[in-house]
Amino acid sequence: MDTASAPPRALRLRLRHLRDRLLVALCLVALALAVIPLVWVLWEVVGVGVRHVSWEFLTTLPQPPTVGGGGWANAIVGSVVVVGMAMVMGVPVGVATGIYMSEYGDNLLGKSARFLSEVLAGLPSIVAGIVAYGLIVVTMGRFSAVSGSAALALLFIPIVAITTQEALKMVPGHQREASFALGVSEAATTLRVVLPAAMGNVLTGVMIATARIAGETAPLLFTAFNSRYWMEGVDRPTATIPVNIYSYAISPFEHWHQQAWAGALVLLAMVLALNVAARTLWARRARFMAGD
Amino acid sequence: MAEQMITRDLKVSFGDHQAVKGVDMEIRPRAVTAIIGPSGCGKTTFLRALNRMHDHTPSARVSGEVLLGDRDIYGDGVDPVELRIRVGMVFQRPNPFPTMSIRDNITFAPKRHGLAKGKALDDLVERVLRQAALWDEVKDRLGASAVGLSGGQQQRLCIARALAVEPRVLLMDEPASALDPTATQRIEDLIYELKKDYTIVIVTHNMQQAARVSDYTAFFYMGLLVEFGETDGLFTNPREERTEAYITGRFG
Amino acid sequence: MSRSVAPLPGRDGRARRHLRQRWFRYATGALALLVVVVVLLIVQQLWVQSRPTWSEWGLGFLVRTTWNPVQGEFGALPFIAGTLLTSLMALLIAVPISIGIAILLSEYAPRRLRDPLIFVVELLAAVPSVVFGLWGIFVLAPLVQQHVMPVVAASPLGLLPFFGEPGPGYTLFTASLILAVMIIPIIASLSREALMAVPRDQKEAALALGATRWEATRHVVLTYARGGIFSAAVLGLGRALGETMATTMTIGNRVNLTLDYFQSGYSMTAIIANELREAASEIHVSSLVAIGLVLFLISFLLNSLGRLLLMRTHTPGT
């Protein structure tokens, strides 16, 4: 029996192994297809951007395209302010929502907040812009930094809420029980016991959410809008890096295209730094938690 | 069809924890060999070394020899896929494929190995289901999902599935531990039937079960093979004190 | 002193203690409620602002094909079509690639390589879309125009109605490619999670029957995880529909109802991005917001569907 069926079976086995290897190779190709664009984008942004980033670019105001030179200092400041205000609006709401969902959320409100946070996390960013436009820009009668921040906060809150919830859920239940058993109130239990234990992961979530909104462009186009001057107030149109990249990129001026690449490098550096910092924080945290 | 297996100085470690510490054992063909011992003594680890399941655990290291017939299964040029066609395994927890029908659970492997097609495949399904004493219960719903079966039926399906590959050796890791007495009884009957054609190794926590179904018994303790011999002798007249302590229930 | 009896808590005392114990729950709950209110606010805003358009054309707005701000004629069909065409093509490209990556990471990659590779794939998700757009304008679009479209057009694919004469660099096709790159990370990482959630004993059962690693993956692991992978694709589609900058910068921005991927087109997000800040008439603004409302509803549906499926597939016992 063995002799009769051995050759075809052996051949078949060889083919099966071949197919196994072939498909792993295909999976590697798939990975390459994802990694190549990433490397390529980074390569272009760094390669072209580095040639056009200069002290002048970082510290001076834009010049008209015919003049040449000039910089994006106002946009850099604008981005920091707009993102910063979005965080001020978003962190309390996001973290509190995360706390509620994790600690007290076993009810209709908790379930709705969880579901809607997840749905909001997939909200097209431009829709957030439309809402801020209708509520703030139309009401105030002009574009403003604060309307841009409000739009970004809409995108920021669900991410922070979800990551905070997940971070708190990872804290073992016995720590809460120990605290309750000592007669400590809910507020103190959460703020002094649970939140500190989860702080690393909560911060990671905040950083990732910040990185995400720092690169957002679409909702700012018709909220924060743009400006050639230093920021004049949070109720005024304000330049930001992402919007500048867009408007310079679609302009007809070679000189502006170069500045768009330089701006992209600055933005990418900020966003990636936030991401890498968040990951390493998280990795250290994970190792710490596994260790005890 | 049945083949014997011999292990020589078999060691398995996970990271720096050695779970099996040098076991020499001869597993006879057409017989049932039971492995007993307290929890964590390395029974499962030993069993999984016999069909190279540790290949898929990154932290596991295996050394020593395991002969199937006269060939070392860890030697050069041995294909683990081919090995597992000859050495089948049934796990402690029934693990039928939930996305497949009862029939597809059984035909999955024979189709891959090209063992049968068409009518011959149907016959194969019927034969192994009869062998596993499941045919009468499922013959009218072969197309139904395997998750609809009871725990005992699922485990017999897993046995049938393993038999469909026509292995020489069948490894069973506490196959009846999750089952009620009736289902256990059926599996024991089945093992008794199967040993006419197969070499069977069964891990069990249940001493009565070992005594009922096996011809040889191995007693493991802390990764070592403490005592190995004919079941009757080992249970009635153990040579080692630790064996006696274990089978009389003084520890474990 | 030791004899003095503590006053029994009266109604007031109990209520106060209750509040002291629970104020935090109510405070955080109020903010959680705010999230719910925000969603309602979004719907309300989109609805109120788009009213004029709905009262002018009703649902007919969705199938009207003209878009002429000067004459006050507006219709959403070219944009809906452009969005669907680019998103579906992006999905078609991204899903197989993402599944390949997910399989590689969950089944094959050695432990030491796994985490760095996951990190790299997630970095892709961190690149802002305007940066992809910039790259799309100056690098990808010229490349696609010169080297990719002619090849596709000359291949058997060129016989399909979807691929006509190679056109300019800024086309539905270019936008689809960028979108595909951008949604790969989310589909790949959700699929990987689905694959890694498959019980180990399933894979071992297949291997113990003599399946090769690929066969175990393909016939057992992948089918077991298919629900999770499907919801990953749904969520990826939602992402592609809502993506703005990369699309706006590469799609060509031409109101053009076509099935031909090699022509310039327009998307729902791009028309809003381009015209909302300058829209002068009420009906123009409201038509842009109406497109936003449709976009919101589609992405809300897709996201809800994706999340619900994900919840169902991750509930044990199903």
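Order of writing sets the labels: A, B and C. Residues in every chain begin at 1.
Simple rule for what comes next: contacts are C-beta pairs under 8 Å (C-beta built on N, C-alpha and C of every residue); 3 or more make two chains touch, one makes a residue touch a chain.
Not measured: the values here are computed from a predicted model.
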By number of C-beta contact pairs, the top two chains: A-C
Closest chain to the centre of mass proxy, which here is the mean CA position: C
Chain separated most widely from chain C, comparing mean CA positions: B
Intercentroid distance (Cα basis), chain B paired with chain A, Å: 51
Between chain C and chain B, distance of the C-alpha-averaged centres to the nearest whole Å: 48
Inter-chain centre distance, chain A versus chain C - centres from mean C-alpha coordinates, in Å: 15
Where chain B touches two or more other chains at once, by residue number: 81-82, 112-113
Chain A residues counted as touching two or more neighbouring chains: 16-17
Junction residues of chain C, two or more chains touched: 212, 215
Contact footprint of chain C on chain B as seen in their complex: 51, 53, 56, 58, 81-82, 84-85, 88-89, 91, 93, 95-100, 108-109, 112-113, 158, 161-162, 165
Touch list for chain C against partner chain B, complex: 110-111, 199, 201-212, 215, 219-220, 223-224, 226
In the complex with chain B, residue positions of chain A that touch it: 8-9, 12-13, 16-17
In the complex, chain C residues that touch chain A: 20-25, 27-29, 31-36, 38-39, 41-42, 45-46, 48-49, 96-101, 103-104, 108, 115, 117, 119-124, 126-135, 137-139, 181, 184-185, 188, 212-215, 218, 235, 238-239, 241-245, 248-249, 269, 272-273, 276-277, 288-289, 292, 295-296, 299-300, 302-304, 306-307
Residues of chain A touching chain C in the complex: 16-17, 19-20, 23-24, 26-31, 33-35, 37-38, 40-41, 44-45, 92-93, 96-97, 99-101, 103-105, 109-110, 112-113, 115-131, 133-135, 143, 154, 157-158, 161, 185-187, 190-191, 211-212, 214-218, 221-222, 225, 242, 245-246, 249-250, 257, 260-261, 264, 267-268, 271-272, 275, 279, 283
